[in-house]
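Below is one structure; the comments refer to it alone.
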């Protein structure tokens, strides 16, 4: 989801731009040590690879399709620093050349789809690898989990930015949990594909997978996760999604939002306060008739989950329609 | 594979805007978008000025209305979201032809549609009048790190090549009767994506060899355009008006 | 006798896994010669090519270009003297426009301004591609891209041009046009190819390479007429092609 101009207010967008620019600078500095001459064309080729993967629809259910974010995959394939630089370039080119995502929102998009996905994917992977045995099955398992989490965290980034500077005013922990819940479902696809691609590369050129190289894994024992593991992974994702929507969302709505507290501390108090009053579009969950009723919130959450999916389908249809037209 | 055709973005022409060097145009676009984003949503007049400026740019560039309209389709998902807002928004409501709409939601929706459309339209005018290589060297002029513009250059150069490889693999799969519709049929998709990564990586190495063979030592030479102060002055005249309108909107609001 | 444009002496090389790719390969090429390098897949031709400009280093033996040995100290000068045209022009044409791509080499050697511009114009004119100078390389046909790839190398004013499979995948018209351009260039040339009629048309002399060594060296027509030699090295002429009747 590329944020356009005007979706998030100017101050927040500029702030995000500063954060994104510093993360890129850090990435360049750190990558610079490994990014020798030979890796400049390589990084460009990888950026093109990620771009093509993002455009490529994979099947989800009955012909409906999704596409990859790719940040976690990039981090595992080429390491987090080059991965961050590559993702930033991809998002920058999308904004500047393809007008995909607003120019003023470039920082926001780099944070959500680059910084957060790369960092989450990589850190979750490293963290899991501490406890998992050092073999190729673990690489795929940890990679799939990292990719799944990266999608969830990326959506939280979006909600966070929206709650700080959303001009359509919506800020609710309920929304937060609902978004996270939806993306816990969407992330299953990202996880499976990330593991699948890693497996395919490990089978042929294990030396090209950064995440395997650092653990000295030069041979793939298996190139695919077992059916049982895949089933577990999917079930886990669905369970987390359901939990977030039915339990955490209603609970969270009773407490003041952590993000809003941050917003108040940061001096966005006025705007954030307005939002927390519930006068916001998506606060319709609570406001319209079922205020305080936990069961009502649960239902609202589930409806929200469904609505988001319907919106997703509509989006896909629109995007696919456009692709077909431009496919000469 | 559709969508990667960067040459579909550029419209050949010999207008004033086509002739301007890329760096002042990029600077003007950035400043214009910023002015739009900072304009208070109640300043309808200022948005009128912004829209007039974009239309003026498109007219100078000789862009056809249909071309602009087609490129604007990309924002449809956000327009849908914006249309959604007045119905679910809280606060005071008004009746419009029998529908109860949230005033806050109406403003929110208007704000998103207006700013996203203006930002998008301005970007479209830029990419329609500036070739990709010129945009890259313009970014170089604007002090975007060389490493970034170099990587972006390689990326744009090889987009079509890699998309073509992916397309051929897909055709090969289809030819053998594989047309996946369900997520558990992903194995072939991930296998080809994996193969695509390896091919991209190996091509990256070959490109590096080809560069080395022509004396590459780590620094890609630039062939940047020279923008004169007069070019900057002309390019910046448009965002200057936008900033004036935005400022007037802030003061008046 | 003049100094050879290229002299390869006792070149040997193993892959890291121990496979012997080059085995005591020796030959030399004089200025102005056009020589074909023939041999089956896996004969070591590409490995040999990468030795000529120092991308690979010999384990034993030496490579000398117009009197200058391939060594660390003179790598830059060697790479200017040896121009390699890669098989896939997409690997070679990596800059955003044709003009910038042709300028890439000379610019690395410090050329700039009008001098650089002249160099680029001359190289593009030599291959008849000046009219596409400002287009991105990936919008050109394969035949055009291969001609531009030749120009990127010509712009460096090399002592010798090495072409890797220049005629592969070209349609007959592009193949013929490229041949006309290559013969018009008056430059020392080493051409690696499986296209034997092309070798006969363009190169008066041919080398046959197999299992890492130079097996035969002589006039192209004689080599192509030697049935036993051809058969022993998996070289085959197209059906009905008689080297003695051609050209």
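As written, the chains take the letters A, B and C, and residue 1 is the first residue of each chain.
We take it that a residue touches a chain if its C-beta (ideal position, glycine included) is under 8 Å from a C-beta of that chain, and two chains touch if they have at least 3 such contacts.
As the structure is a prediction and not an experimental result, all values here were calculated from the model.
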Shortest path length from subunit A to subunit B (each step joins two touching chains): 1
Label of the chain whose CA centroid is most distant from the centroid of subunit C: A
Chain occupying the most central position, where position means C-alpha average: B
Chain-chain pair with the highest tally of contacting C-beta pairs: A-B
Whole-Å gap between the CA centroids of subunit A and subunit B: 21
Centroid spacing, where centroids are CA-atom means, of subunit A and subunit C in whole angstrom: 48
Between subunit B and subunit C, centroid-to-centroid distance (C-alpha), Å: 42
In subunit A, residues with contacts to at least two other chains: 41
Sequence positions of subunit B contacting 2 or more other chains: 6, 132, 153-154, 156-158, 161, 203, 207, 211, 216-217, 220
Residue numbers of subunit C (touch at least two other chains): 94
Parts of subunit B lying in touch with subunit C, wherever the complex brings them together: 6-7, 131-133, 136, 153-154, 156-158, 160-161, 203, 206-207, 209-217, 220-221, 223
Subunit C residues within the subunit B interface of the complex: 50, 53, 55, 76, 79-80, 82-84, 86, 88, 90-92, 94-97, 99-100, 103-105, 107-109, 136-139, 152-153, 156
Residue numbers on subunit B that touch subunit A, as the complex places them: 1-6, 8-9, 29-30, 33-34, 36-38, 41, 71, 73-78, 80-82, 84-85, 88-91, 102, 104-105, 108-109, 111-112, 114-116, 118-120, 123-124, 127, 132, 135, 139, 145, 147-148, 150-159, 161-163, 166, 180-183, 185-187, 189-191, 193-198, 200-201, 203-205, 207-208, 211, 216-218, 220
Interfacial residue positions of subunit A with respect to subunit B in the complex: 4-7, 9-10, 13, 24, 28, 32, 35-49, 51-53, 55-56, 58-63, 77, 85-86, 88-90, 92-93, 95-100, 102-104, 167-169, 189, 192-193, 195-201, 203-205, 208, 224, 278-284, 287, 311, 314-315, 318-319, 322-324, 326-328
